[in-house]
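Below are two complexes that have chain A in common, paired first with chain B and then with chain C.
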Partner chain A sequence: MSINRRQFFRLAGVTAVLGIGGASVLEALTGKGEASSSQTPRFTTDPKGITGKRFGFAIDVGKLKTDEDYQKCFRACNDIHNIPEFGNPKDEVKWIWKDSYEHTFPTVTEDQIMNKELREKQFILLCNHCEQPACVRVCPTQATYKRPDGIVMQDMHRCIGCRFCMAACPFGARSFNYRDPRGKDANGMPFIKKENPQFPTRMIGVVEKCTLCYERLAVGLLPACAEVSNGAIVFGDLGDPNSEVRKVIESSYTIRRKPELGTQPSIYYVIGGRE
Partner chain B sequence: MLEKALIGGKRYWLWIGALLVIIGVAMTQYLRQFSYGLGITGLSRDVSWGLYIGQFTFLVGVAASAVMLVIPYYLHDFKKFGKIVILGEFLAVSAVTMCVLFIFVDMGQPMRIMNVVLHPTPNSIMFWDFIVLTGYLILNIVIGWTTLHADKKGVHPPQWVKPLIYLSVPWAVSIHTVTAFLYSGVPGRHFWLTAIMAARFLASAFAGGPALLIILALLVRKLSKFDPGYEPIQALGKIVTYAMFANVFFLGLEIFTAFYSNIPGHMAPIRYLYTGFEGHGKLVSIMWTSSILAVLSLTILVFPALRRNENILVVACVSMFISLWIDKGFGLIVGGFVPNMFEGVTEYWPTAPETMITIGVWAIGFLVLTVLYKVAIAVREEGGYHE
Partner chain C sequence: MNNAWKIVIGVVIGFVAVFGFPFYYNLGKANVAPKLKYDTPAILEYEKEHGKKECVEPKEFMAKEHMQLLNTWRDEVVRYGQRIYVNSRGESFHISLQNTCLNCHSNKKEFCDKCHNYLAVNPYCFSCHIVPKEKQS
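And now, the complex of A and B:
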């Protein structure tokens, strides 16, 4: 096949028109362009949506009595967010889980004589949605970023899977899809037991973590774990002095994980003093 | 000039063929990783970087070491390095190529690599690493090729290449400094959170890189008619000695600070690497191998009489190279992840496919190096050189 110079320029001209003006030409042809830009905005905000300056939790572990109290929270999250189960700790993906006092607050427990009940207590762990998140600072593509409401978000479509954020996060809050979460195990069982079509599943090779149920907040629902926690997890706007979460924190004794690193976690643990 | 790489004896083609076979086998393993995911490696939620990123870090050092030839030759007019500067520059090209490939094979979504360019993020050190490595690769290709081409024609290199050569000096320092910042800038990883990281990286680079160059120069003499000369190799030997002492000194500083301050978090990774921690000690034997090889190499190098014997010198260089490879290409990365963020221990060891892919990337690096060295040697063998 060969084309002469004139044919080449003609082809190039047509290509340029389609390339540069493609969208507008298409809109003019379908008659949709004007209507969509002047009458209805492309995205609308749900008036019921919860807004704030800095979302956070006050977690009162004293209110979590039985293992079932914890599992309820974890299940609520896992089911909604299509968390895969790979069946081994190496490839594990987790957004919310529990661990001992010693592991949750490793810098304060060395060789310490302390309250027995506290030492034996299990703590709920999740992304801290830090004010100064190290993960956001290191991400080379802004796939993880901080929203104006304080949520540290993760864009699984932009993430390149370099795992710099996992090296940077001091709280081990991030998981990587070492395997395809949409796949099946050797016995043909899907890694996502029951898929929730309302929330996207992830692809192989990206990092993910708790996103503070941004999708629920947008329609006026509480984060799933907080909703089923019987008041053990108080969600709210830390930036609002009149919010319930602020009142809980200000009226009790709370601690945060690794505060010495300056990331300013937005998850507070109520240890005592709350009636 | 590249056509010179197409003319070679039986031994040359056997070597090229062997490298291609290794690359081919590694490629099949990479395709497996591509479809199965990085779960095929020994990496985990707790140890999320391993052999690949370790090799990347180590090779950035090898690349930076070209500057140890450039500085004496171009800034101090040390003429004896004239004929072998090209070996350093082409080694840098090969090393940076491997760096890029190790990053590539480590990525969960390699097809999205251009996101780093599409969404440039100056607050990310990785963004800067991308820039300095790309720049360094281009600098060394342009400088190496242009000066060699001038040598071939027996003329002075063009004037415009001089500023690039001067630029390549701080640029070499920058690649390893920025790479060190990847680690020393993250909170919560005690083993990495140290101001001396970049200095330590440079010291180990200026020891390991020139040590490899000595080995390569001796190989070149053995396998070709081009003799890099006795004195340049001895001069490199001195550089290696000083740099390795600095490197060991810096490691000593780390150990002092961690143990005299008695801060548990700072001591834990060092304990894990050298004595085992809470019953876990997978790396203890190789870390001690590294230490013993370091002492062996320094013992040889510190005595001029031993160093002057090239057969003994090469033993020192091989020991040192292995020592630094273990220390930086493996221990440094794993030590950052053990203990984990909960002061628990998840151990790491590379799997067979992971090891094979790693060997494959090295084979690609050696292939690039062989082709470039073949061209450089051919030019030298034809007497092409101009001071």
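And now, the complex of A and C:
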């Protein structure tokens, strides 16, 4: 006997309901859907880690007097992060470096007459960990992104080396690995003088920059440059009104690099008013 | 032209002999699964302390799924800042390829490379992550 259209739909509906329900009944009977005796693996943060809403620096320019004061900070960073030295400014990889007043604050140099000492000063430069980072907006793979604690992070695993971020960054804080950082120069000397086995190197074709020592913050250590700076670099949470860095900024005269671009840099330069 | 079938048979035998050569040459030789070494100083010390050798997860899981585990580890640390892994036995580990995995498995040539070469896979973990200096066990 053949079935009519209405009977067919009814049968199909009942079969489908049974099929869906059947699977869950079967699972409950065999106990497959339940958790087994061992617990499911999970992930946590290190309780020693430093947390915050918006990490930043207040760099007290007056406390950096001799060249050694600068080099100490640079060495601390370069040694920890396996930064290669290519001996060629075109290929240079830099996370922290220094430059003149005109290059650091190019948009305020219309002042023809100004404090002589300041004009001749060298300034420590690094990634500004902007509140509105231009590099993050242009990254096509989200290899660079803003962490909830304010760090502009660089995920070397995802970077495809397109260098959009380098074009977008108004501070020149990003470097491209034009050469293999693990390679050797013409004299057979490795570009990374002494490898830190605790931290990875990078490979040819990725962009890198300062990561505000996220790996040190996670275990409760201060950023390397701040640690060795004798108080010249104050690290802290700009989002916490009681933090030391906020007090330093609020009690002194500070300037930031290219604030008119609206990226809201988190690195403040203390140039006066702090006792 | 009465011997055409002999020629055909000869050609077939010749063809099998020549093109089958790689197969019977390697008969019984290839496909021997690599034996991994678990005798680094760190592993032996762990065995002395705990009475057994074990990884962060059971051996069978690690052999089959270590790449997924490492991918998850990478994402949790780099993307979400979660640096501690609590395994199915409830033990905690600091997540790090360089400082946790390779601390025990300090014999990359006898461990990682053995299987990877056998399976002709070429993971690029170690273009950035530093391999510890091989300690001869």
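One rule holds for everything that comes next: the second predicted complex is superposed on the first by the 230 of 275 C-alpha atoms of A that agree within 3 Å, B and C clash if a C-alpha of one lies under 4 Å from a C-alpha of the other, contacts with A are read in each partner's own complex, and residues count from 1 in each chain.
Basically, a contact is a pair of C-beta atoms (placed from the backbone, for glycine too) under 8 Å apart; a residue touches a chain by one contact, two chains touch by 3 or more.
For clarity, every value in this text was computed on a predicted model and none was experimentally measured.
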Touched partner set for A:K65, first chain B, second chain C, both or neither: neither
Touched partner set for A:K184, first chain B, second chain C, both or neither: neither
Chain B versus chain C as contact partner of A:K193, first or second or both or neither: neither
Which of chain B and chain C A:C139 touches, first, second, both or neither: first
Winner by number of chain A residues touched, once chain B and chain C are compared: B
Which superposed partner A:K48 touches (first chain B, second chain C, both, neither): neither
Which superposed partner A:R119 touches (first chain B, second chain C, both, neither): neither
Contact residues common to both interfaces of chain A (with chain B and with chain C): 203
Of all residues in chain A, those that touch chain C in their complex: 38-46, 49, 82, 145, 147, 149, 153, 155-157, 182, 195, 197-203, 214, 218-219
Residue ranges of chain C in contact with chain A within the complex: 57, 74, 76, 78-90, 92, 94-95, 98-99, 124, 127-130, 132
Footprint of chain B on chain A - complex, ascending: 86, 89-94, 99, 102-104, 106-107, 110, 134, 137-143, 158-164, 166-172, 175-180, 203-207, 258, 261-263
Touching residues (chain side chain B, partner chain A) in the complex: 36-39, 43-46, 48-49, 103, 106-110, 112-113, 115-116, 118-119, 121, 123-127, 130, 182-183, 185-189, 264-265, 336-337, 340-344, 346
